[in-house]
Amino acid sequence: MNELTHVNEEGAAHMVDVGSKSITERVAKATSTLETRSDVLQLLQKAADKKGDVLATARIAGIMAAKRCSDLIPLCHPLALTGVSVDFEVCEEKGSIRITTECKVNGNTGVEMEALTAASVAALTLYDMCKAVDPGMVINATHLLEKKGGKRGHWQFDDANGV
Amino acid sequence: MNELTHVNEEGAAHMVDVGSKSITERVAKATSTLETRSDVLQLLQKAADKKGDVLATARIAGIMAAKRCSDLIPLCHPLALTGVSVDFEVCEEKGSIRITTECKVNGNTGVEMEALTAASVAALTLYDMCKAVDPGMVINATHLLEKKGGKRGHWQFDDANGV
Amino acid sequence: MNELTHVNEEGAAHMVDVGSKSITERVAKATSTLETRSDVLQLLQKAADKKGDVLATARIAGIMAAKRCSDLIPLCHPLALTGVSVDFEVCEEKGSIRITTECKVNGNTGVEMEALTAASVAALTLYDMCKAVDPGMVINATHLLEKKGGKRGHWQFDDANGV
Amino acid sequence: MNELTHVNEEGAAHMVDVGSKSITERVAKATSTLETRSDVLQLLQKAADKKGDVLATARIAGIMAAKRCSDLIPLCHPLALTGVSVDFEVCEEKGSIRITTECKVNGNTGVEMEALTAASVAALTLYDMCKAVDPGMVINATHLLEKKGGKRGHWQFDDANGV
Amino acid sequence: MNELTHVNEEGAAHMVDVGSKSITERVAKATSTLETRSDVLQLLQKAADKKGDVLATARIAGIMAAKRCSDLIPLCHPLALTGVSVDFEVCEEKGSIRITTECKVNGNTGVEMEALTAASVAALTLYDMCKAVDPGMVINATHLLEKKGGKRGHWQFDDANGV
Amino acid sequence: MNELTHVNEEGAAHMVDVGSKSITERVAKATSTLETRSDVLQLLQKAADKKGDVLATARIAGIMAAKRCSDLIPLCHPLALTGVSVDFEVCEEKGSIRITTECKVNGNTGVEMEALTAASVAALTLYDMCKAVDPGMVINATHLLEKKGGKRGHWQFDDANGV
């Protein structure tokens, strides 16, 4: 593939016609990581231990953002997602929280953008809740982990691909 | 500050009452970087040279996402943004595109989340347009660059702060 | 069923995977009742007699809310509704307006939440239009009336079920 | 007041001009109650004890709905809410969960609809999470509790007002 | 003025910074006309005589679209509209329905786009309801009628300006 | 057809039940024309030559509006569009820009409203970017060009149909 599919031969953006692609089960997993100071992580952990609203808020934000993906990303197709999950892994030594998302659809185009949007918005929501303590947090390593379904089949992120 | 402001003493999330904070001009700048292969960057550049829709699409996505920030981030306050800009810097040797955003408001709370959301959604939109060629792209270094206004005044990101 | 389907074994919320459920025609009917003073009801009736905008406004609000249900209820699946109707029954002696809604879809999950959201938002819209006259109105008896389709088949609300 | 403010003399609906009303701090509190079986309440409680996502999901849904109120209720004015909170009180003997919401704004019109919308959507979200176990749940007693600010000043719901 | 304000000197689109413009009362009126066959107009009239839902549906669509204008028009500023009205004038001999809208705000930028969006969406909604009978309807003469407020003051559309 | 399908026999608006209509590929094309002064057209052209953001902004606005059509037009069905394109033709002698849109879906109802909404919002977006120079621009001739699919098959706009 040596052309961008989302622009036509004259360089004009369009929403690619996927009407003739076959409907298969499509799955995508993505990730994003919020890096912060260890004291912020402890505050998050402490809040989470009490009632859990901190992680739940980021989780719900991620799930809702996945559903609104085609409303945010201009050339994304609207899709009737059949499942979305958002998980968190707190890594205390690195001072980071890693988000992992999974989206599913039976459709004629993939759900990569939905999974990535869920991960990004979950990370931004965590940032929002901690920014009064540490505005210097950084969101890193937002990328696709894996996708299945469609003509190209299974794809996995290769940590060694030099990015 | 040793507590998260967005959860109360019982750990319940709420939208913090900012009604008594003073209204000042507030500005926030944020950044995010899409890292990809040099051949993808060349395709982007080639498309941009023709008609410009590729970067314009990401720019418009970022601006619109800034306006919809409080709809995406659960505990963000709705704000009548007075200005938004989104810029791109293509760095060919690194194989990356760096996004820089700026949001402004005359309000009683800051626009950090708006600037960060604009940067994230612009990066995701670039990803979307290039993903058929390189699904292994990574979005890195999404963070606040600077903010002004409000009680705490001027803050700048410190590249050396160990994150 | 002795577990909540919307949280996993660790208590984390997710959008349940319905991708393997069969696609059938699904129908749901719901209701909600706005209770007010008889003089407010007369004002509503008088306005409705002139031009009808009062009930039409609530009807349109209910229909549009049904379409936006998955955007409001965090764990609801996006669904391509095939039909929505919203009806009103003014009961002068009780001083109440009863709303009845019906939603339809050919899908792999039901439309109960769409019908309930339509009924709730229609009731809130009536409240909004009358609140300057009577802020003490109460919305009662918002519940599902009936649903059809899917594995569990037909279900009807039992007025005598003690709720 | 013997006319509905939201329709003009010909019965046509409009968004009332509030531009000349003075800007004051306005607060509104509302409530709604989900009534269910005691076994469902125990499942909710059990899930809440584990991780808290059940109540947090409803809380976030309510807060986000308050922000989107003018998008749902046709004749509501868009408002820059300065604070929103949503609380829950589980009443085991009655088999019910009572939701209480509070919204604040510095504006030229009140936030009653925002508080009521938050309460309704929080109740619907709880319904959604429990409906597989008990579709017969009922949402009752959705009403305003109290409002402050504006020309009319303080108003409180009177439980004995015969509704 | 010999440059487009919405693009900077390099041609990049941005949301113009209006933060330093003074806050004044701003009003805009706009219009749009749906032209159809006389038999379609009679059907509309007949339906309107029964219950009024036809015109009310278009009116509500227009009002809600005005509130969502900054979500649709990429470089529009979010504004807290203080008033919106949408009116219809059926002209039987011409076979047309003329829509007139008015929007108001106390703000630092005008509401022309809000008034125009309300008129356009009201016209599209009428089209939607009649399209099964006459898909050949045309929406013409969508333009601003008048605007007040802001630095440039009063402006009125000149029917004779040769457009 | 001698009745409006969107209102029932009592004149009440509803979202027509399309669940039993067959799923076919449906295509609709629409158009809208912005008429302005030749000096404004030259500014647009000049801006477009530099970077292209002007037309790209209107294009993206049109594509995103097509996806949000059922959220704007009250009785429109939500549809999973499979393709959207928006094109521009600058006609210097007439002082006008003509927009042409195309929408596609595999569904049980047509995409006329999506194509018309895309054309209208693209025209409004061009208006927005030029309004500081010429507020007297007029949007004319917004209509359907052609539609395919469904029971009624192919339909084309007839320029000579007297509208």
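Chains: A, B, C, D, E and F, in written order; residue numbering restarts at 1 for each.
Here is the rule we use: contacts are C-beta pairs under 8 Å (C-beta built on N, C-alpha and C of every residue); 3 or more make two chains touch, one makes a residue touch a chain.
Quick caveat: nothing in here was measured; it's all calculated off a predicted structure.
Novice: If you tally contacting C-beta pairs, which comes out ahead, C-E or D-E? Let me know.
Specialist: D-E
Novice: Matching over half of the contact pairs by residue number, can you pick out the copy of the C-F interface from D-E, A-D or B-F?
Specialist: More than half of its contact pairs match C-F, so it is D-E.
Novice: Report the inter-centroid distance (CA atoms only) between subunit A and subunit F in whole Å.
Specialist: Each chain reduced to its C-alpha mean, subunit A and subunit F end up 32 Å apart.
Novice: Report, in whole Å, the distance between the mean C-alpha point of subunit A and the mean C-alpha point of subunit E.
Specialist: 37
Novice: Going through subunit C residue by residue, note those that touch at least 2 other chains and give them in order.
Specialist: Answer for subunit C, listing residues that touch two or more other chains: 11-13, 51-53, 56-57, 59-61, 64, 68, 74-75, 78-80.
Novice: Would you tell me which residues of subunit F are touching subunit C in their complex?
Specialist: Touching subunit C: residues 8, 11-19, 70-71, 74-75, 77-80, 107-108 of subunit F.
Novice: Help me check something: in the complex, which residues belonging to subunit E touch subunit F?
Specialist: Residue list for subunit E touching subunit F: 1-7, 10-13, 32, 35-37, 43-44, 47-54, 56-57, 60-61, 64-65, 68, 72-76, 112-113, 116-117, 120-121, 123-125, 127-133, 135-144, 147, 155, 157-158, 161, 163.
Novice: Which subunit E residues qualify as touching subunit C in the complex?
Specialist: Residues in contact with subunit C: 51-53, 56-57, 59-61, 64.
Novice: Under the definition above, what is the set of subunit B residues touching subunit E in their complex?
Specialist: Residues 25, 52, 56, 59-60, 63-64, 66-68, 78-87, 104-106.
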